[in-house]
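First subunit A sits with subunit B, and in the next complex the same chain sits with subunit C.
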Partner chain A sequence: MLDIDFMIEILPRVLKASLVTLEISFLSLFFSVFLGLIFSIIALSSGKLINILIRCFVEFTRGVPQLVQISIIYFALPYIGIYFDEFWTGVVALSFIGAGYTIEIFRNAVLNVDRGQHEAGKILGLTKYQTLIYILYPQIIKRSLPPITNELINVVKASALLSVISVNELTKIMNDVIFEYFVVIEVLLEATIMYLLIISVLVYISRYFEKRLVV
Partner chain B sequence: MVEVFPRLLPPLWVTIKVSFISLFLAFFIGLFFGSINSIYSKFNPINLVSRFYVWIVLCTPIIIQIYAAYLLLPKVGIKLDVFWVGVIALTFNSAGYQTEISRASITSIDKGQYEASKTLGMSLLTTMIYIIIPQAIKRMLPATANEASHLIKASAVLSVIALLELHKAAINLQGNSFKFIELLALQALLYLPIVLGTSYIASILQKNNDDKSSKIDLAK
Partner chain C sequence: MTNILSINNLNVFYESFHAVQNISLSLNEREIVVICGPSGSGKSTLIRAIAGLEKADSGDIFINNKLMSEKEVFKNNIFGMVFQQFNLFPHLTIIENITLPLIKVKKINKSESIKIAEDVLNKVKIIDQKDKYPSKLSGGQQQRCAIARSLAMNPKIMLFDEPTSALDPEMINEVLDVMSDLASTGMTMIIVTHEMGFAKKIANKIIFMDNGEIVESNTPENFFTNPNKERTKTFLNQVLQH
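Entry: the complex of A and B
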């Protein structure tokens, strides 16, 4: 049956690869939240043309397979003269994909805040930016936490695709080990268990936020 | 770009075929598990198995599931064409999501309907087939159309097992012509209308359902 000794033998490599997966996911989530904040503020406070451009970006990230987007970033970055190693190319690609979703999360959260608050801000003489940054965004941070954790789950799943541009994350290492030792079942099982662990914990956290924070 | 465009059309057809066959198969598997999930108690053995299955599908990346299908099927003695391996992998993935979709819509149907059909002397099976499931399918349609757009996107990952769908065909052409950016842009242009089209259909179906239910509310 299962070769437990072998599974223990490759465990350090798999754990190291899982750390890379986590590192990439958190970095990309951080950047995509950052981009989402900036672009949602821009979208909410400016005119039609910029809104249409941002809409196009969002539809692009939703309508094109993630794998295709990753290869676009992989080939396009050197094309415009930016050279990163695989790890950072992966981070850029996942942030790019994630930003499309985070923009929508923040935009919808702001639009769901009571209309009166926009008007109150106007009466107090605040500009659009000030209303957004000082009044609306502090309120929506709490509300956005559950969808953001969901987004983190999506990012972890998408990071598995980075194996095609040879980032040394969990799926790539799994593949390498399989073709090094020609052992399939044990390695697949171990990688699956790692993903199940990581994602189940995140799902649990997201449920917890949903119960506790959303009133 | 214009020159290679016709060469990408047959692979595009493969992409559509693989996604929709999987969607169709997964729909029935999902409907079966979903209805069993919503009728019987939590600790029914079939329910435990299907909950475990859904947990596995939802908590692992699709690329792992595709590798698993590709590497494990020959191990258990099933040798299939790579197209059907792709269909099995995508069906495995999608059935997990569709179980959740049909479970949600079947449980959303009013309990009174079960009681009404019981008084009419119908067995549980006939109630499900003639009364509950037709209504549930109507509620499932928007989510299923969304699932279709997910599947089309997921089918791009099948390029890792060398199924000649749109993405893989474009990779091959890139190797021949070294026109990376043009081919990637072309792919994006081919995927965008299909994926956005299916999600647009989903939103229309959703609106349709919402309109109908609001009319019923007004009638009350």
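Entry: the complex of A and C
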């Protein structure tokens, strides 16, 4: 049987930790999408060199294990004078991880817009940059939402890795409670439910916007 | 008559396929040239290369006897282009489709650009549709809007790349009527089309292309009644059979 009293006793700690997970996730999601927009626009309107640099960033964030990326930001960056505390290390790491995917999603979506749209912009005299901002990006937001949401779910899940650098998020607190009380099932259950809840809300918000958008 | 466009020895390759072969062509102000020919003959590639949408591998394009960079050609709206697939911007209303380039490229303020847009929409007779999105309009209306959008930019030469090929038969005439109106205002035009009756009526010169080359360039009268080349006769027999 589940120890309901114990579950209620630890609930405030779990909720507080969920809030930290939510905060880190929200900030990382925001920066992932923001960086994805900025860097995909730069990639699409720039020359070869800039594109190679962005390509390197994308390959790095997608190719290096997430735990290693977190460690690089937390342990290695201070050597060159860049220091983030645990919380912001988490936000920066997850934002980069997310951006690696969002850049590619936005870039590919723009390249998949019918060639006629690019050409109509060009012949009307719009610059490459104006065509991107006023013609192409407004058309890709709706169709980018489902793949973006999938990647952002991965970002939320990756936040569990931040327990290794002692960010007091959900997974860290879950482990703490397990080792303090030697009770496993109740804590696991609460943590699982909290993760599912956070991700459901995220998916719900994304679907809401998807339905609202015209194009 | 002043020369507005001359093309010297234009060549376009797709990999090893020679799509446009050594084409030279010259156009005076107010002149209307119709380009026809079987599909795959290079007529669309030619008009797209003139517009700057297809990279020419060699050859020069002079506008008012001046060689212009691709960037200048686009920035100064030398060409207006009407596409087979309309290419309206689906996220903007009809009037926004026209005002956006006016505001962003010509730097005209919003109220002035709305006036210009309403004026061209009146000319193509779809002013009553101005606040709708393109997807709510028929193909013929969409194409007329596309013509209006090009006209609003005040181009020197209008290019039409099979403007009626994607339309249902009953909508073809409303687009051709708008093009005839435009011709009567003295607009210089190059038209790629399969509408031979329309070509006969509107053109000052008809060019027949096959395999990337100009086979025959003639006046409409001679082109239809007394063509120079055997290849032209075969083509006309095929398209005018019914």
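Definition applied: the second predicted complex is superposed on the first by the 199 of 215 C-alpha atoms of A that agree within 3 Å, B and C clash if a C-alpha of one lies under 4 Å from a C-alpha of the other, contacts with A are read in each partner's own complex, and residues count from 1 in each chain.
Following the convention adopted for this analysis, a contact is a pair of C-beta atoms (placed from the backbone, for glycine too) under 8 Å apart; a residue touches a chain by one contact, two chains touch by 3 or more.
Note that this is a predicted model, so its numbers are computed, not measured.
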Sticking to the clash and touch definitions up top, decide whether subunit B and subunit C on subunit A clash or fit. fit
Touching partner for A:130 - first (subunit B), second (subunit C), both, neither: second
Let me test your reading of the model: by the given contact rule, A:122 touches which partner, first (subunit B), second (subunit C), both or neither? second
Mind working out whether A:139 is in touch with subunit B, subunit C, both or neither, as first, second, both or neither? second
Is A:196 touching the first partner subunit B, the second partner subunit C, both, or neither of them? first
Comparison of subunit B and subunit C by subunit A residues contacted: B
Regarding the shared-chain residue A:163, is it in contact with subunit B (first), subunit C (second), both, or neither? first
Just to be sure I read the superposition right, which of the two partners does A:46 touch: subunit B = first, subunit C = second, or both, or neither? neither
Once both structures sit on chain A, report the angle subunit B, subunit A, subunit C from C-alpha centres, rounded to the nearest 10 degrees. 100
Give, as a whole number of angstrom, the minimum Cα separation of subunit B and subunit C in the superposed three-chain arrangement. 21
Shared contact residues on subunit A, subunit B side and subunit C side combined as an intersection? none
What does subunit A use to touch subunit C in their complex? 114, 116-117, 119-120, 122-126, 130, 134-135, 138-139, 214-215
Please give the residue numbers of subunit B that touch subunit A in the complex, ascending. 55-56, 58-64, 67-68, 71-72, 75, 152-157, 159-160, 167, 171, 180-181, 184, 187-188, 191-192, 195-196, 199
With touch defined as at the start, can you tell me which subunit A residues reach subunit B in the complex? 59-60, 62-68, 71-72, 75-76, 79, 156-161, 163-164, 171, 174-175, 178, 184-185, 188, 191-192, 195-196, 199-200, 203
Which stretch or stretches of subunit C touch subunit A in the complex? 51-53, 74-77, 79-81, 83, 85, 87-91, 100-101, 104-106, 133, 149-150, 153
